[in-house]
Every structure is written in C-alpha cells, then in structure tokens.
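When the chains are written out, they are named A, B, C and D in that same order, and each has its own residue count from 1.
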Amino acid sequence: MKVGFIGLGRMGQAMAGRLQAAGHDLVVYNRTREKAAELEKAGAKVAGSIGEACVGREAVITMLADDKALADVVRGGLLESLPKGAVHVAMGTHGVAVLGEMEAEHQAAGAAFVSAPVLGRPDAAAAGQIVIVAAGPADAVQKLEPLFSAMGRRTFSGGTNPAGAAAVKLANNMVLGCAIEAMAEAYALTRKFGVEPSVFYEVMTDGLFAAPAYKVYGNIIAKQAYDQAGFTTKLGFKDSNLMLAAGQAASVPLPSLGVYRDRLLSAIAQGDGDRDWSVIARVQARLSGLDS
Amino acid sequence: MKVGFIGLGRMGQAMAGRLQAAGHDLVVYNRTREKAAELEKAGAKVAGSIGEACVGREAVITMLADDKALADVVRGGLLESLPKGAVHVAMGTHGVAVLGEMEAEHQAAGAAFVSAPVLGRPDAAAAGQIVIVAAGPADAVQKLEPLFSAMGRRTFSGGTNPAGAAAVKLANNMVLGCAIEAMAEAYALTRKFGVEPSVFYEVMTDGLFAAPAYKVYGNIIAKQAYDQAGFTTKLGFKDSNLMLAAGQAASVPLPSLGVYRDRLLSAIAQGDGDRDWSVIARVQARLSGLDS
Amino acid sequence: MKVGFIGLGRMGQAMAGRLQAAGHDLVVYNRTREKAAELEKAGAKVAGSIGEACVGREAVITMLADDKALADVVRGGLLESLPKGAVHVAMGTHGVAVLGEMEAEHQAAGAAFVSAPVLGRPDAAAAGQIVIVAAGPADAVQKLEPLFSAMGRRTFSGGTNPAGAAAVKLANNMVLGCAIEAMAEAYALTRKFGVEPSVFYEVMTDGLFAAPAYKVYGNIIAKQAYDQAGFTTKLGFKDSNLMLAAGQAASVPLPSLGVYRDRLLSAIAQGDGDRDWSVIARVQARLSGLDS
Amino acid sequence: MKVGFIGLGRMGQAMAGRLQAAGHDLVVYNRTREKAAELEKAGAKVAGSIGEACVGREAVITMLADDKALADVVRGGLLESLPKGAVHVAMGTHGVAVLGEMEAEHQAAGAAFVSAPVLGRPDAAAAGQIVIVAAGPADAVQKLEPLFSAMGRRTFSGGTNPAGAAAVKLANNMVLGCAIEAMAEAYALTRKFGVEPSVFYEVMTDGLFAAPAYKVYGNIIAKQAYDQAGFTTKLGFKDSNLMLAAGQAASVPLPSLGVYRDRLLSAIAQGDGDRDWSVIARVQARLSGLDS
C-alpha cells in the first residue's frame, strides 16, 4: 500500500519501521530530517515537505505530539496534497475538539479522516505489539486494516466519530490515573496503621488487582521510586486536560478525574512536576501527616 | 489444635469446615444452632453457649457480621472463658475503632487478640482459597499459622496493630470502589462519543486492567446487569463507612472514597440500594444526560 | 411556667439565666453542681438528680454536649420522671439518629419530644439574642413559645420531625464550612498572582459577601490568625460527622462537605487540630506550593 | 483626559457613558456601529476603526466579551496605533493566559498594559456603582485613577501583575459558585427532613449569611425559579473554565470549584444550560432522590 508517514518521534519511527518491514511503499517526513535516517536506510523514501509525503499516497499516517502540530500539518500541506479518495489517519493522542475540527476540514476537502490513537510504548510499537483504537467512516477504517495489522497486535473500533477513538484512549488513561490516586490513598491509610507498603502491594496485586496498572504503579509508590519517571506529572497533567476537555465536549462530569488532577497540580506546585506522576502519593502522604 | 469457632454464617461454616477436615479439635457455636448441623455431622462438637465454645481452647475464632456482634460475643462470655495464654482471632470485617477497644479489653484480661479479616467469597473459603491478612502480637499470629494454612491459600502480615489488618482489607475494598467509579465515568464518557461499552470493556481488560476487578465489574456495567447483585449498594455503603472511620481514626483524607461514597448514597436515594453496587454507573450516566 | 433545665455549660447557664430573669419557675440540674451556683443565687432551685429536675415540670430543657449525654439523661431519669403531658426539648446540637431514637422513646412513654438547637454563642445567649430552630409536634412547640421568646430573638419552625431542626442547624454550619473552604482556595489562588490577602478580603466583603461568615473567617485567613480559635478544627470535624450522618440518614450526597471535611482531617494530621478551623486555608496553601 | 473606548456592549455603553458625563474627551468604537449611537448623541466621537479609536489617546479602554476578542483588537490595530506612553486597560473578564500574552506584547511594543475587570451589572455601571480591580504597572494604574473614579465607586489594587486583577474577579466568582453549591446541598438535606425551603432561607440570611450572594441565589433555589436566568449555567460553566485555567497557571488545586463545575456540566447535560446557574440545586435534588 502507498503510505505517507508524518511525525517520526520514538513512536512514529517504530510504527513506520513496522510498515516498511511489512513491505508497504513508504514515504516519510519529519520536520527535523535526521530522525528519518534509519527508515531511509531500511528503504523508505524521505520527503522534503509535508505535501511531498502526501502526493500519490493511498493513506497518510500522522503521529504528532500535540493538537497544534496536527492542525499545522493538516493545514500546512497535507490536506491540499492528499489524493482524492485517500485517507488520513491521525494516530497521535489528540483532544476531541481538534479532531472535530479536522473531521470537518477533511470532509470539506473531500478527504477521509480517521483517528486511531495507540496504546503502548515505543518498545511495544517496535515489536508490533501496540493496541490501536480506530474511529471514523467504516470504509476508511477498513481500508487501513493492513496497516493496523502490521503495526499492532489488536485493533478496536471506536465507532464512526473520530473523537470516539480519542475518548477511548483518554478514558483508559483516566481509569489509570484514578487507580493511582486510589492506591495513593490506600497506601497512606495502611501505612498509618503500621502496615508495610510491600504487604499492601502484595495483597492488591495477588487478587482483584493482578494487572499491570497496579503492579507497575503500586510498586513505584511502595518504594517511593518517583525519580525514574515513566510518565511525568506534567505529562499526566497535560493528559488530564484532554480528558477534561472531552468531558466538557460531551457534558460528562468526571469527579474522580477532578480528584487526581488536583493532586497532579499540587505535585507540580510542590516541585515534583518532572517526577513520575504516581508522586501524587507523596501529596497524599503529606496530607495524612506523613513526611513523604 | 483445640479450636473454638463462633459465628457460622456462610463464610464461617466454610472456614470451620476446612479446620474440621484438617483434623483440628473443633467446638463450634452459633446463636441459631441449626447452622451448626453440617459441622456436627462432620464431627465437630456444638457448644450451647459462647463460653462453652471457649473453655479449654487454645484458639477461638470469631467470624461475625458486624462490630456490635463482635463486642457482644467478647463481652458476653468469650473473654471470661478464654483460657490464659489462648488467642482470640477475629476474622470478620470490623471497623478499626472496635478492634482498638477489643485489643484493650483482651490485654486487660491477659488474653491475646488478633485481627485476621479474609478476602474471598464462601466458595473460595470452602476450597481453602481465601486470603488472610493477620495483625496482632507476633507470637499469637505465629501460633495461628496451622489454622490459617488450613483455611486459606496465603496469609499476609498486617503488622502488630490488629487494626492494621482491617485497614488492609478496607483499603483493598476502597481501591475496588474507586475502580468501579472510574469505570462508571469512563463508560459514560466513551458512550457519549458513540463508543460501544463492550469495546471499552475489551480495551481496558486487554491491557493495563486485565484483572478480576475490571473484568467482573466492567462487564456488569457494560451490560447494565445490576440486578444480580454480587454485593449490594447498601452493603457497599456500609463498607464505605468503615473506611471513612478508618481514615478518621488515622487522620487520612480519602477524597476518592468520598466520590464513590456519594454515588452509592445517590444510588440508594434513587431506589437502587439492593442492586449491585456498580449501579453507581447509572447515577453517573444520568448525570451525563443519558437515560441509564 | 414550671421548667426543668439540665446541662449548665456556658450556653446552658446563659439560657437558663434568661428564663430565670423572665420569671419562670426554674429547677436546674448539672452533673457537677458548682455550675449551678450563679443560677441558685439568682433564685433557681437546684436539683440533686435528673429525676428531681423533671418531676412536676411542664417543660424540661436539656442543653447537653453530645448525643451520648442526651441519651444518658433521657434514659437515666428524665423520661421516667417527666409528668404526663409535659414536653422535653433538647436544645443541644445533636445528630439526627439520636433524635430519632429519642423521639421513639418519648412517644413510647407518652411524652412529647421537641428538638430546638440554637444558633449563637454564649454572649448572644446571655443577651437573649440567639436564634432557635424548633421542630416537633406543633402543639408541643407552641407550648414552648414563652420559653423560646425569653431565650432568643427569633424562632424558626423546622417542621414536625425533630431531626428537621437539627438538619437546619447542621446545614447552616455546613454552608459555613463550605464558605471557609471556598475562601481558602480563593486566597491561595489570588496570592499566587501577587494579590494582597487584605485586598481580596475587601473585595469579597464589600460586595456579594458582606456578611459575618466572610468577615470573621475571611479576616482570620487573611491574617493567618489561626491561633485564637473561635471554633477548633477538631470541633469542626466532629460537627462534620454529624452532617455526614444526617446526609446518610436522608440519602443526600454532600460533596462540598466532603471537600472541607477532608481538609479538616489533613489539618488535624498536620498538627493543627486545636487551631481555628479556618486553618484549612493553610492546608490549601501548602497544596498550592506556598509555605503557609 | 483623552480616552479611547472599544467594546460597547451593555456594560461598555454604561461605562463609557460615565466617562462622557464626567467630561472626558471620548472616542468610541464598536464593531457594529449602531451601539455607539447613544454615546454619539451625548457628545462622544465615533471611530471607524480600532486604530482610529487609539490614535492620540492617553488611555484606551477595552470592554470585550472574551479572550479572542481582546487578542483580535490588540493585534488588529490597537497596539500599532496606541501612542507612546499611553495605557491600554482591559476591563473585560479575561483569562490569565491571554493577559500574560497581552502584557508581553504591550511590553515589546513599549506600551503599558493594565487589567481592570469590574464587579457589577449594567445598572450599577450606569450609576457609577461598579467596583474595579486594577492590576498592572503602578504608574499606569495611577494615571487611570480619574477614569476609574468616574466609572466606579471603589477601586482595588490587584498588584502589578495584570493577571492578578483577573484572579481576584475570578476568585470572587468562584466563592459565589461554591456558595450556590453549598446551598444546593443544604436545601436538599433540609428538605428531606421535612423543612420548608423558605425556613432554611430565613435562617441562613438572618445570620451568618446576610449578604447578597445568599439572598439572591438562596431565594431562587428556595422558589426553584430557575427560568429567569440572571446568569446562565452555560455562562457559569464558561467562567469556571477561566478559574480552572487560572488555577492551572498558578498551580493551585481548586477542589470546591471542581464540585460545582461538575454540577454545572450535569445541568447542561440534563438540558438546563440556559437556566440560571443556581439550577445546579436541581441536579443535587435529583441525586438526593427528590423529583426536582
């Protein structure tokens, strides 16, 4: 399949690499060209502009860092170069508002727009083990199937509204944030009754909560190992704003999000913005009269 | 080991059955005697009073429904009949306040007091698959080890403060309540963007949340199958009060508990008190402008 | 009117003093007799027991510190000595649960029970300037009118359910707690933008919030003058539990109460339990990255 | 003083009218010119463009509906036409982010920027009874004093950071929102104990809460008179986003805001977006099992 790929951060490189390896005809583009070097070595063509990465392509994938970058790329060449009948699939994590705008602009331009955020980190992407949630017009999503199956281990349908896929990814992350906050409260409570954090960790993850979310973050909190940030407080806070905006767009109150979002903000205020976002357990500990 | 067992509800019967099967010398007592019938058939002696179930025993287990029942049993015969050096282990789910009182009364009477709440349902208890969290004087806990290993698959140490074991069980349940509330919010959010609940369920439980808590309750919410209550809203609310009291005793604010506790109260107000406690997702749905 | 008065704390003494001054035939009782000295000098008879303060009285007023004291007095002599047709009016601040129990026990004993908590401090009580909220059977409340008008400047009807009067007092205090928390957040926010607390104080109390609640507590927070406690954090927390219990009894979620109750708990955890309850502004300040 | 005035909505017209009446040399501008008719009759000059309203002026006042309008006016002529040494004072209610941007752009252009939001409605503005909170460089604020005193009854200093004045106005409104939510909870609680809303209204406003905020909104809630919207739910929600953004910019968690913001969102979801924002009391009532 003739594919354009724009946005070669760590995730983008890994995903594009999978497509190249699967034999797709790939043209890649990144603002700073050096990030395309490895893909070029592997056989991908490197475009000199956004438009060049779109001309003649059946599908263009964008994997961009934020909403502004997405809008800039779409308006800065993608939409005007995308062939009639081609599909643009935005695979970054974007807010529902920008996705709504993009959908309208593609529709006006006669192009198909799909949102397909991914779950998983760069190593999972490199191994083709990410999970993809795709939403948009059914035929456009179907056309992308060979690409999705080259990049991920499973694709879920978020419905026909591109924002739906974003909602799924954001909601999944929100459930994670709530779990971290719940653990923060639970550890503080048990610690004040003299219980070792490692014991509470074992009880949780031995039973009802034998899942990565609790194993990874329960362990960080138990050991107060906030310095090796997998995902920083600041990024968690930024993400929480996307969720809040989704709740606003759909008129859905999200009180549990509110609780942990406030904790993230306090962690930032207290100087822990660059630590792992589970450092909200420290905010909770201090509020409980513990030193940390 | 010479064991007295007081409180033969469904959990109590199953646990006492394990002890009898393991060859312990068992005397059981229940206010309504008929609940002892099966154990009697299996070879246990049936006491006619609390005191009779304690005299001459090395350990007495209580498995009682609430704090009042525990205090009534302790003050109504247990403490005065318990031999010197014997241990009373309370295995019901009790509040930290009553455990503190019991600890003091046992100490004054020269008896050892251990709190050892269990995680698991009657079928797990019958199969010896429950998990036990034990807290109290180290030597007393150690003495109980043969009993614990006959009843459960794993025993965790909640430290030397009996209330610590209660805190672990309550905190674990609190983390569950927070997870249910988080799912309630997440389902409402994704539904309003046109996403099928079954899809969100799959995304969650396929990845970060591949654990019983999310599989069981995520499924109930996705199907709105609140009528087969595994654990009712009213019981969940009662439990939430024990957590709140633990937070109060230890000066630990629990905002996430506050969120779902308020939802449980609304579910009760809206007539859903006897449905499964995950019906809080319906409260959230209505608040989001959905019918149910 | 023949009146018995039980409970001579600072409020009780002041209120009983008003009744004595108004010419009522007063018999007073307090567990520690010396608190009755001043009233005795003023002409009141001093009873040696609860029962003695009730025999032959048309109305008996109790002004007791907590729910346990109320139940103890009612069950420890009041109910058995109260003449047929007489009214017992509980003027302390009590929880709705104990009021429900008391109502039932009075009814069973053929006595009338009214709840009539007061708003105002001892100096207002001494000046007859307190406000009374009375709830109970209409005829009983009416019979008490001469007493109420001697003690207070205004009486409100809380309906026929004694718990209704308690709900009014508790709800009024809850609105106050929410106002203090709102100010705590507002001061933290404005301070971080370089605004003098005294300026924000002026803006608030100059306009929409030109009322005692904001003037008194807004001033304490602006000056961080938490050491002269008008009402301590611990008392505020105790009060919050009565509100929470009222919400539970009536199935009413109270999320704003939850927010400031959690703050009170943190203030206690951080060692500020005996300071003025507006010290929750310090908790908020720290959460905002301010030192205090 | 030579004044330019841009933005002639209801507030703007009233404020400009005060300046004209006080004898200032006034040039006004509004996108739709007809709104300038009355001021023109009163003697003001009407500019045909933004720039024309700024050229040769000592001070330019903007009174614009939102952040976008402010940025558009500043970048669309104001900044390039403002004389050296002149002051631009933005008197609308703006978010802290746009104020920060405007401050930087004025500084770069060598102009002084002051933020001075007002408290009060159009009738108060017409009567010169609004309250002004001004923040910015001290000399610039001082220069504006004659204008402020013509327009309002009192001016408060929000410090030297223009965002500070916005923070004061937003915080004051936030305290109001919290008060409404607190009343919503208090009314639901007392109603469920059989207390008439009018009684609770009287108790509140007779004492601690004898202030406009409680009188106005307490009355609307007591009468459920949400249809005559003084300030709609949607506007309240929009305002809440400005507060949230201010909290984010300053790293200040605002949990009480979170509570009532979620209620506003539910009111919108339930179809009450165009009713008075105190309709959040209806959301609370339903959550308490009341019909409305």
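The criterion applied here is as follows: a residue touches a chain if its C-beta (ideal position, glycine included) is under 8 Å from a C-beta of that chain, and two chains touch if they have at least 3 such contacts.
Every value quoted in this text rests on a predicted model; they were computed, and no experiment measured them.
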| item | value |
| --- | --- |
| Identity of the chain that, by mean CA position, is farthest from chain B | D |
| Interface composition of copies chain A and chain B: same or different, split at half | same |
| Between A-D and A-C, the pair joined by more C-beta contacts | A-D |
| Separation of chain A from chain D, taking each centre as the mean of its C-alpha atoms, in whole Å | 37 |
| Approximate Å spacing (C-alpha centroids) for the pair chain A, chain C | 53 |
| Chain C residues counted as touching two or more neighbouring chains | 247, 251-255, 259, 262, 266, 268-269, 287-289 |
| List of chain C residues in touch with chain D within their complex | 96, 119, 131, 133, 135, 154, 156-161, 163-164, 166-168, 170-172, 174-176, 178-179, 181-183, 185-190, 192-196, 199-200, 202-204, 206-214, 243, 246-247, 250-257, 259-260, 284, 287-289 |
| Sites on chain A touched by chain C in the complex | 255, 262, 266, 268-271, 283, 286-289 |
| Contacting residues of chain B [partner chain C, same complex] | 237, 241, 244, 247-248, 251-255, 258-259, 261-263, 265-266, 268-269 |
